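Labels A, B, C, D and E are assigned to the chains in the order they are written; within every chain, residues are numbered from 1.
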């Protein structure tokens, strides 16, 4: 399989090239007949690679070509697949395939149809290459390529100003992260003299034994933090998360694929991939954990107050990413990846479900104009219910296992912040349950609040089938990690994290936490039931009483406004100042000033030529006298 | 000594073409264009031959040496090495494209236009190929006059001011360089008693310490100012926006793609090897200026109302990388600066042509005048996106390699400097995407606002309400029917239909009738796109060509003439 | 008491004799030839005459010697100077032929050429003078002839006025020159330049010059400075150049100036060698002031002819700078400095007369000499516009043209004498000058002249076109073949060898 | 004290300066011509004084030629003045201001 | 107090007084006469210095020929046109006096500090007498050593004559007081500056607006560059 590795990314690339070149003229309507086979093909190949890696427990790699031979900074593009990559391959290709199938129904009739079905394979290609990259720079390349695809897909409805602004905002915020990531790469190169992950002089080995390479702990911390800030940019962690909610401007399948399952997890994958750097310095781990926990809690709290169905799911994604981040921060590496996998499935399901709701409601996204849809869309309702239960972490479903394992991992980890993170994790779990079921009750139960001429209908088979598949996956994928800590998944992934030594978790600890998290989840559901089904608590009056908090949450903790005031507008003012004052007046002013002053002098000097011979004679006389005087004094030995 | 003087022929074919055009009768025939194209194509083919027969080492090849003024030690000495070869091929390629571009856009005084264009090409080729300071200076000045004429005669509104400013600014710098050349020539004579302006010998002089520390400092300064004006480096850049805005499209393509590289090439060819101590003492100043230039250029580009001025300031920012890379003092920096020079040639040249396309149709360059071109000019929008992301420095395109390598080299010099440099990644994304958003995306002329748009302006909401009352169905995110987006204005029976729709935002001009990219425009832009992509994905051959020469320059090794 | 009149060596004086004969022949032709044949015959004879003189001159290349008791010197300097003067004379005849005949109140052809020839003769004699008296008389001969030429278009008020101003100030300056020469004679008891040098080195032998000598030196510099149009004494130049008919202006800007340069070199380098460290500083200061003043004032001129007047003042500054680079070390001046001045002179001759020739060409088309009369010239008549651009570019000092090589050699000479500040001032001055030269080019190329209603009566100007073509080729080609010219200029130093041999006898 | 060359030099200098003052101040061109003649005469005195002191005749010969030249020039000068007067313009320095700056 | 010194004082005083007279007199004829007086005293000084030939020459050439020429010219010029006693702007006069004084001081300094050359030339009084007097000495030197200068001086005189004829002689009886302002030449005028009206070449300045810079002469504008005012002809 080693020499067929390049096929996995190649298929979507070929699909992209075909669709983009001939899409507009010939393919037009049935561009999906090119995209879906490619996705399925790379899915099958991923399974084959997964099986091969699973059976003989060693990584496979394939060298493609040398990219930049700049002196000793020699970059070779080669593919490397180990256990971690195998998992990611599976996640990306399966979700990609399902989204392609789903979109046939959802995007039917769109005018830029071929455009959609060329950007999606491009995205899958970039994501696969990112995952298969074996050095930081190749990863960085496809990191930005993925950013490009998200820009193009968010800006799909380019006629809308909001879509254009959202795309621009996403790209620029990602670029802020990429700045830190780039600087991180440079620092890694100049400290480890190479940026290849694996191999004996790879950075993972060197970072692990950084002491005996004479590298200071501070440098390792710096690299860790820089790489994580890069990850924050992509995985929408606390300061740089502002672009994800706006990214909902794109079509819903895009949100499902990119902003739920794959792209946003790239940051987590990158941090996981360079785990020895983080292991090297606790401060870096602490930083990651703190950011993760803040994000988890913040996103969950904001999700409570949102009215747009996709915004709620988007904030829930940010919150779950926060979970994965603080799992990494507290050393629960395998738990983080496990949660990543499960989250991909049930979050993809939630997005596709909300997509089919919107599709049914002819573009209506505001929950306050929905209600009682379970009668009209039974399949969507049931699959959505499974997804939200999994997301909330209800017992048998996937969400419970991975989230519970993260909290246990955090609690038991040796970093003193672990316990605090676990508690925050639990509060966030409660809030997650609350807002998920608030959404379910508002949308599917209660009286129908949409106006008459909207008659919701169940989605066609193209959309229903993926929903069902994902629902089934959300139920069973959890058992891969059963029993907690030493399930099949953990034992498989330990090979990727050989420098990580696991923690002994007594059975009692797992049971107690199992029960605690279930209780928390169910209480969340109960509160949601009371407020939204029984209308016992009047939400509006609650909002007035705590209007301060409510507005704070509703306005997304004023992060957007903060950035706008602190960064964007000042930059524009500086730019205007630089242009108007410095460039035009000072530099150009001096340049033109020199010119005009010379012309002015010349106009005055011109006056000397008065035209009368007497003046001329006088001036010649004066010149002579001065010349004589000066030189006689200076040279003659008179005095 | 290669017997066949291919370099001289390469340099003088355009001049012969120019003379042929001049001697040709004054009739309004298409002959001047054809001769110009033939001459430039011939020199392009010759440059390709040189490219393929060039041995990848650090010697000067295809050299020609004829003594000219024995008394002054001036000889006609031409040769090419790793550094100048790539720039020569870029020059001939861009000139061919520029001539093809002005095939139907230049209407008045075509004969003089093509004569000036060909003279310009000879000047530029001469600068890159001459290895004797005297003829280098001659070609450097010869280049000035045709460019000033190009801007002055075929430019737009206040072209005369721009032409004169460009001419005087560059002339002042080059005169300073003349004094520098002679001072060095004098110092070498005092030291070795030999009068020569041959670069190789002067470099040997530098090696055996002919130039005192003080002299090196001042002569470096003189050379540096002349080249800094050409780059343009931060304080000396104010001529560039005027020159670019006023010059015709083909002129600003050549100006951006090649003439800005003269400064960088000069620093690489003269300042670094000839004045090692001078470079060491000047390096901090240059680096600070470059970083200021990078950030300053990007920031100012953010608020420009005129498209060409925006791209011009972005060139100031990109070219800041070149000087930064040269003086950072490691191989990555040098190779990065060479790559930036090449990449900037493709990307900015193409961007100017794209603006030219729109200028031919709309006869204005103000950003407000455009909007929603994606729906009316699909192909143009696609190319615009490709080159926007190329110039932002998206990996996979040629822009990224250069900028990353320079930043990498700078990091080795001083980490904080690299951080400041790499912030341009954000700024360039910001201004380019701002430009793209205002020009490409958004509502085209006469297009109804999209009901599902969340950032609708109040007047757009009113319009929607008016429109909504006609159709009677709710706004639907992806409803098939209510999607007049691309179906253009036909379906949109707006009330005051002045023939074909209405401006969607103040200042917009009617772009609904604009044809998409014509065949000629495609011929010019597609090669640049392919090159930019190819160099971005597989730059290995380019590195192979320039690495030995740059390594020699870095280590200050004495260069020798190869076979 | 026997008067020993030895027979002078006529071979050495051949070129001057030919020119004298030409003058006489032309004046006779003017008297006896019928009016209508004047134009063709006299122009033809003048051209042939000057050509013969050039041929005779070139045969003398490399020889040295003196005759007429040291009054006439034949050495590298005189040969080169005479060559420049004769070339300028030929060019003047070419450009002034049709102007004199048809334009500017129909001047008398015969008298015009007689006076031109006399002026040329005066200049040639000054160039090859070995004695102060000879220099004085030679300069006065060429000056008187030039006064008359300036006032030649006498029915045009401004020509008379220009001539009068030039005349009166010329008189004043020659009186001062005479007084300076008197003082030098007083301090050295002889008028021969070599004798002066010998007596000076004897009396001085190292320590400082005494006031008498210095006084004489300075007065001579003032007198010659006037002829050269150095700044404090340049006041006549703009009015005289502006007033004179344009071909005369072209002639006047080169030949008398060349004579003055030759006189300056003779007096300073050959005569007052011992005081060299004094007068080099004087000349340097004069050069600096002249350069800057000439260029700066030229900027605000709206009339091309008057602008070229100021630009020729600036070019005097560049030449003086070359002279200031002379460093006499143990009796021999560094050869590069004066040769750069000589080379600059020949380049100046070509480009300056060329520029005036194009103005004459425009005047032939009935236009004036203002900047607006040049607007849109390129679109109407591209070739003369191209010629004017080449001349202006050469005046600016842009490489492919001869002007650049001239400036290049002067800067090399200056840096040889490590006067860096003067070299930089040349560079700054030519940068300033670029502005107003470029403005003319801009006016010609960038402006579209409104379609003129009546195309002026076109006056035939065949010779003028030939003249312009010759000068364009000269400006472009001489740069390439500057090698032989520089060698010719370099052997000006053999004037010292004559001095040494004369002293040796 | 006896008569030395310096006396003569002083006197000639005085005459020279008077002549110059005449040129600088007077407006009538003819008077200016006369003053220049005086300056030349003053130089003559210096030349003859020096020739007497250094006992070489060259000075006197020099003045002789100067005389000749001055005579020729005055002829030309007067011719110009006559031509001007024919055009109705007075031989006045202040009136000659059509050509300026 | 030798008689020589007395004579010297008388002659030089007379000379300087007459010189001042030339400058000071209002009427040009009076200043001409004063000049004659001055030249006579100069001749006397020449004789004292042993240069009799030059003294005689001075009187004959200058006083006889040049001054007579000047008087003729004064007679020719229309008296109404002669500028009255006007000595330039006050600043001009004051400045020239100052310049004159400084120059005199400088020359004085030069005279005082000059070192006379002891080296005696060949022409001592005795030698001159032996050669037969000052005239013979001058002749011998002039015609032998300075023969070339002698010839060229003759050429200068010839040119003087030719010039005088060319400029002085009236072509044809052109009516007085008219001057041609040929379009071929545009005069330099100060009003061309940016501040002044945009420069128009004389061609298109309407005749009535054209303020002739000169007295009350009638100026005839000719369109054709080479036309000049024929008697009775009007400009086209």
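FYI, a contact is a pair of C-beta atoms (placed from the backbone, for glycine too) under 8 Å apart; a residue touches a chain by one contact, two chains touch by 3 or more.
The structure displayed is predicted, hence computed values, not measured ones.
Novice: By label order, what chains touch chain A and chain B together?
Specialist: C
Novice: Please give the intersection of the contact partners of chain C with those of chain D.
Specialist: Output, common partners of chain C and chain D: A, E.
Novice: Tell me which of A-C and C-E has more C-beta pairs in contact.
Specialist: C-E
Novice: Measuring from CA centroids, which chain ends up nearest the centre of the complete protein set?
Specialist: B
Novice: Quick check: how many Å separate the C-alpha centres of chain C and chain E?
Specialist: So the centre of chain C lies 25 Å away from the centre of chain E.
Novice: Could you grab the centroid distance between chain D and chain E? Build each centroid from C-alpha atoms only and quote it in angstrom.
Specialist: 6
Novice: Whole-Å distance, chain A centre to chain D centre, using C-alpha means?
Specialist: 97
Novice: Which positions in chain A are in touch with at least two other chains?
Specialist: 595, 603, 606, 609, 611, 613-615, 617-618, 621-622, 624, 628, 632, 636, 638
Novice: Can you pull out the residues of chain E that are in contact with at least two other chains?
Specialist: Chain E, residues with two or more chain partners: 88, 92, 95-96, 99, 103, 106-107, 109-111, 113, 117, 119, 121, 145-146, 149, 153, 156, 159-160, 163, 166-167, 174, 179, 187-188, 193, 214.
Novice: Indicate the residues of chain C shared as contacts by at least two other chains.
Specialist: Counting only residues that touch two or more other chains, chain C contributes 133, 137, 140, 144, 147-148, 151, 154-155, 157-158, 160, 163-165, 168, 172, 183, 186, 189, 210-211, 214-215, 238-239, 242, 300, 435.
Novice: Pairs of chains that touch, anyone?
Specialist: Touch list across chains, by label: A-B, A-C, A-D, A-E, B-C, C-D, C-E, D-E.
Novice: Would you mind writing out the residues of chain C in touch with chain E in their complex?
Specialist: The contact residues of chain C facing chain E are 1, 3-5, 8, 20, 27, 68-69, 71-72, 102-106, 108, 111, 114-115, 118, 121-122, 125, 131, 133-134, 137-138, 140-141, 144-145, 147-148, 151-160, 163, 183, 186-189, 199, 203, 210-212, 214-215, 238-239, 242, 245, 300, 302-303, 306, 363, 366-373, 456-457, 459.
Novice: Any idea which chain D residues touch chain E in the complex?
Specialist: 1-3, 5-11, 13-22, 24-28, 30-31, 33-35, 37-38, 41, 44-45, 48-49, 51-58, 60-61, 63-65, 67-76, 78-83, 85-95, 97-101
Novice: Which of the residues in chain B end up touching chain A in this complex?
Specialist: Answer in residue numbers: 165, 168-169, 235, 237-239, 296, 299-300, 302-304, 330-332, 335-336, 372, 374-375, 378, 389, 394-396, 400-401, 404-405, 407-408, 411-412, 415, 418-419, 422-423, 425-426, 429-430, 433-434, 437, 440-444, 447, 450, 452-456, 473-480, 483, 485-487, 537-540, 543-544, 547, 551.
Novice: Which chain B residues qualify as touching chain C in the complex?
Specialist: 68-72, 109, 112, 137-142, 144-145, 148-149, 152-153, 159-160, 163-164, 167-168, 171-172, 175-176, 178-179, 182-183, 185-186
Novice: Would you tell me which residues of chain C are touching chain D in their complex?
Specialist: On the chain C side, the touching residues are 132-133, 136-137, 140, 144, 147-148, 151, 154-155, 157-158, 160-165, 167-168, 170-172, 174-175, 178-179, 181-183, 185-186, 189-191, 238-239, 242-243.
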